[in-house]
Amino acid sequence: MNLLAVAWEYWHQSFFILFAACAIGFGFGVLLSKNVVRMAFYLVLSLGSTAGLFFLAGAEFVGAMQLMIYVGGTLVLLIFGVMLTAQKDFINMDTHTQDWILATIVGGSLLMVLLFAAFGAEDWSKPQDLTDAKIESTKEATPLGLALTGIRVDTLGDSGDAVKQGKSGYLMPFIIVSVHLLVVLIGAAYMARTKKLSRATDDKSSRAKLMLFKMEQETEQLEEETYVVTHRGQSALNRTDSQDE
Amino acid sequence: MSDIPLVAELRTKFGEGIIDVNLEAIDEWVEVTPQVLVEVCQFLKQAEGFRFDMCNSITVVDYLHTDPKKAAKVDWDPHLEVVYHLSSIATKLTLVLKVKIPRWKNGVEGDLPTVPSVAQVWATADWHEREAYDLSGVNFLGHPNLKRILCPDDWEGHPLRKDYEMPMEYHGIRNR
Amino acid sequence: MATLKIDDPRVIEFDVRTDEMLINMGPQHPSTHGVLRLVLRSDGEVVSDVEPHLGYLHRCAEKIGENLTARQWIPYTDRMDYLAAMNMNLGWSLVIEKMLEYDLPERGRHLRVIISEMGRIASHLVAMGTYGLDLGSFTPFLYGFREREKILNLFEEACGARLTYSYLTPGGATADLPSGWTDSCRQFLAEFKEVIPELHTLLTTNSIFVSRTAGIGVMSAKMAIDYGCTGPVLRGSGVYHDLRFHGEERYTEMYDGYIFDVICADPETGKYPESNYEFHGDSLDYPEIPRQAILGDCWHRFYVRMLEVVQSVRLVEQAIEKYEATSGDWGKPIRLIQKLPVKEAYMETEAPRGQMGFYVVGDGDSIPWRVRARSSSFCNLSVTAPLCQGILLADIPAIVGSLDVVMGEIDR
Amino acid sequence: MADFVDHILGLNDSWFGHIVAALVAAVLILHVVAVGALLFIWMERKISGRIQDRLGPTRVGGKYGWLQTLADGLKLIAKEDVTPDLADKFLFKIAPYVGLAASYAAFIALPFADGVVGQHVNTAVFFVLAVLGLEVFSVILAGYASGSKWSLFGAMREAAQVVSYEVPLGMCVVVPVMICGTMNLTTIANMQSGFFTNWLVFNDPFTFMTAIIYFTCATAGVNRAPFDLAEAESELVAGFHTEYSGLRWSLFFMAEYSSMFIVSALASILFFGGPHGPIPITEIVPFLSSGGLGDPAKQAFTESEGLLAGWDLGLIISRIIGVTNLLLKGLVGVTIMMWIRWSFPRLRIDQVMTMCLKYCVPLAAIGFLGATAWQALDLPTASSVIGTPRYKHHELWTADHNKDGSKEETISTPVLETPHEDDTHAEAKTVTENTVPVSVLRGGNQ
Amino acid sequence: MILIGTVSVSWYLAVGASLFVLGAVCMATKRNLLGVLMGVELVLNGANMNFIAFGSKVLRPEGSLGLDGQLIALFVIVLAAAEAAVALAIALNFYNNHNTVDVDRANELNG
């Protein structure tokens, strides 16, 4: 009982393992599944669990940002793309076997190198004391916001001159990224529209008809006859003499 | 007879195209030959004092007595009558046009008699003529898409014909 | 239609390529009224053309008419426009009376005005309710039916039935109105006048309803006449034509001595006739027409129906006074096997949905030689194809709903 | 809570305590969702009945038919869960759970009263919006997995609508966050304690406008009332959940009702004072006011001493009053949504989109700019004019903080002072010259 | 439950590395254009993981990147959104002109 009690003190560690397993497991899901829609769904779950890892690392703001912008925005865009193109034969496209063998060899070796590096450096794997109090105290939403607007509140006391005045914030990159986003999205929207008529239906497609219908309506001038009449209707034949009584 | 302004105009314009004008009937009607029907309709639609711009209904009446006794008593021989009820919104006048056509095209059973279509004159005639073709079996020449409107497309026979026999079954469903 | 070349500058660019598909809307789709089937050619959002398929409710009532006498065919007229069965019976009775040159006593005439105008109110209430249902709001439907139930109770007192009455027959009506009926009718009218402004706020002046219907399915007067549309659909496009005013002698004499005005916007000014009629204390000022409404669009057709209800209320009030002034024979029905002369007669009456025409050819026997019913919804529906070209999928219920079609009448 | 459990079972800081504490919190929130859904379905029937001049359910279980939802539930559970053969089995089955999980997860960071919250998340507002954004996946998956082109239409339309309405929603939420200087919902709620003029909605005309726009975008984001394109019965035959039946279908509805509640609860916290009622009972009645707002010692659940530490009755009652207050406001929000649903026809998809892009986004932007200007120019707000004293926190970042490296910020004493009279940064003057006089309003020590 | 000691930066690096490799392999093997895009997303997330690991005060109280790590992670997320938009625009354009999304068949350079 005691052993378990000790193990559980580090709930941080247990959640880490949970989220890491999800992230890597669904990553494999993305890799192995043939159906492109399933791949998209696994990717959503994998990125969701990485957001969980960010929360565990104390980066709350980035975690929420990842959930909202990355998963809620980018992947929705991706799924829209999947929906529009995943028709008939493009859903299940399996890769050829020799690609698989080559990819696993290269991937595996790269992974080994990286893992060795990760665990090699002694400084990185020093265990820390992770009690609850520690987690609570790291509130960075406000300093993060301020840092983006140029005032580095958290490095006020450092010795370096520029840093001392807390002026080494991220105002410049912040502005550049916003302008960059604007330009990119406008470009993407412009590029995404098709230039030519939809080939499948030539001029019978609905938009072409709509266009022609509108043109006809303007050209054909509707002569409005006024229908104001006084007397009652009766057969035209039994009126003998004058036209109107 | 010819003192009625409309009839006078029609006579001058179409001569013997206008066969006769019946004034004693409850709704006076003018009988017209099929050949001259479309011009008459166009004229009636544009004529200054009349302007029959709405075609209320197109009906086909089948004159045929199936049992010989009654057939003998009647003075007309079997024929079809296509009746056009017109009315004018502008002048609030009404008119009935009639066209007499043989029951089958030059006597051959199964060939539908033909009447030129007035769908170009009034757009509403499009559906009325399709219904007349569907129920009474009259082939309207020049109709944009003449196919059955009320009965299923593969139905044989025209129900409103006097000599119409209900088919025994339709797609396996017993009718009688 | 001019053919479209690829490098034609007027070609509008399309966004992502979508494949055209044929979509079946109906015959059991919730928003089509009864068993109407619309085959849409659409790419998901924009509909390129619509083709209505009819005949799902076709019983060939005209063939049956050739085996029944005039009075025996009355129940078939009920089942044509089952939401306004009274007006159908009236149409058939008038044609037979025209053929027999049968004149109706004074009391019978006023009785017919009361009953047909009440039938019009009931039918327009259903039209308003189902149109609200098409556009997604459920509440007007229940408000409309709550009032309609009261009218049906009155009809039940008069003739025992609630939907297919067979009450007005050639020669008058099967029975006179029970005593006290006119008082309960007056009481209903008094209550109904309070409800009308409520119904207006529910739909007519509701900003979402206006944005869904104004400027949609615009039909010019010329097109309406060309396609044979009649009734509120025709008057919605500004054509001043109401058979109660401009109909045949025999029909318009029924409305002799009544003061009412035809609801139709004046094409130039787009204004409706002022409601000079004093209405539960203050005169009911019609809600004003929204900016984006164009003459001949769905909103105007709906608006014409709502105002016609006010005129019908006015007519019924006058008819009750005139009815109570007369006494004696209310017009007993003609003999069951009344011989029909060797003549033919055609008569159109102003049914709630448009001009309902009946054509009878007699051959001396009591069973007519040929019977023909010209239905108003049949022609009104024929307008959907040209109107629904190039519109959004969500507008189709709006347009078909504004035409207020009943399948029983179309398929006969 | 965990220590309370240890206290009873005699263990010291055992893992069992932690799990039980977590379970208690989870079940409490589950109740809000499940019982809420039950209540809302019954309310929907009753309210739509009243609007349509009829009675609504009166027979099932007593006069007011309050067991009606149970009957619905049983019916739905009894119904067979049909999966269309064209459907993509796995995605079809998982879609409703994704939706429910998303809207349920948002409850973690929603504070029901001052200390009564699942998990203190500093960026609570951002977290709730992010999680609500995930609900769109359940719609897309349901639409795609049902195989039929009708449900695909519904899914694509609704996904486009929900994603595009997140933009104005986010902009409206930024206004209260900016005024209170923190994203922590508990602090935002505490800022609005005291008389109702302290509510942010009356702060200045721009926040008033933002509150209204927030509510409209929230209704659209949750797919209710005039914006419910997905189940536009009249065109697309019940949109994306056409193929669902039985329990799965009811899960979709549970998700919809729970996200409706979250959105209106968020509205009440951000704009309408959250757990703090119009008349501050907890402050006036001396017995109840023992628990100062935002005081770390008095936090519930997760803190070490736990809710029932010293059996401080006054504290408990004031928390309970706070919780009921918030639930009632959430209920009012949901009622308004139902009221709108039953009195308006539905908008077309392009009208919904134009309304979002042409009306909601610009208005939200104006609201934001106006509120910023109002703050910057320090114009009189409702609370400063006739406001009663309210909880005021003050965040001070000075150089000497970081010297000892322990990052212990000075806890601004949660004394209730009327705002704006201590704007002279009294404490800031005494600090060394390399202080960055950033007076940023920050929450207590959560 | 093996005892892996307290969670340290190297564990985060390991997860980041595996995500990175998964993304790379996915980009290499997928024939569907959108599959490649998903691979790119995984790679970017792997990189983000490292930034957060070094930047978090919880894992390395002293000598950590401080806020810079998280700020760069923010920028990565935002730029990934922009990149995904452009990539999808290209993919849809390609789909509309060549009626296929298969990567192998994208060999001509025109149009």
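A, B, C, D and E are the chain letters, set down in written order, and residue numbers restart from 1 in every chain.
To be clear about the criterion, a contact is a pair of C-beta atoms (placed from the backbone, for glycine too) under 8 Å apart; a residue touches a chain by one contact, two chains touch by 3 or more.
The model shown is predicted, which means the values in this text are computed figures rather than measured ones.
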Steps in the shortest chain-to-chain touch route ending at subunit D and beginning at subunit A: 1
Most distant chain from subunit D, judged by the mean position of its C-alpha atoms: B
Which of A-E and C-D has more C-beta contact pairs: A-E
Cα-centroid distance, subunit A relative to subunit C, in whole angstrom: 52
Distance between the centres, which are taken as Cα means, of subunit E and subunit C, whole angstrom: 64
Chain centre separation (subunit D, subunit E; CA means) in Å: 32
Between subunit D and subunit B, distance of the C-alpha-averaged centres to the nearest whole Å: 71
Where subunit D touches two or more other chains, by residue: none
Touching two or more other chains - residue numbers and ranges from subunit E: 92, 96
Multi-partner residues of subunit B (at least 2 other chains): 27, 87, 89, 92, 94, 96
Footprint of subunit D on subunit A - complex, ascending: 4-5, 7-9, 11, 35, 37-38, 41, 44, 48, 60-61, 64-65, 67-68, 71-73, 75-76, 79-80, 83, 136-137, 139-143, 146, 151, 153-158, 164-166
Of subunit C, residues touching subunit B in the complex: 54-55, 58, 60, 62-63, 98-99, 223, 225-228, 239, 241, 246, 248, 343-346, 348, 355, 357, 359, 361, 369-370, 372, 374, 378-379, 382, 411-412
Partner subunit A, residues of subunit D touching it in the complex: 13-15, 18, 88, 90-91, 94, 120-123, 126-127, 129-131, 133-134, 136-137, 140-141, 144, 152, 155-156, 159-160, 163, 166, 181-183, 395, 397-403, 407-408, 434, 436, 438, 440, 442
Contact footprint of subunit D on subunit C as seen in their complex: 21, 23, 29-31, 44-45, 132-139, 142-143, 146, 202-203, 206, 208-209, 211-212, 392-397
Partner subunit C, residues of subunit B touching it in the complex: 25-27, 53-57, 59, 61-62, 83, 85, 87, 89, 92, 94, 96, 122-124, 126-128, 131, 135, 148-152, 159-160
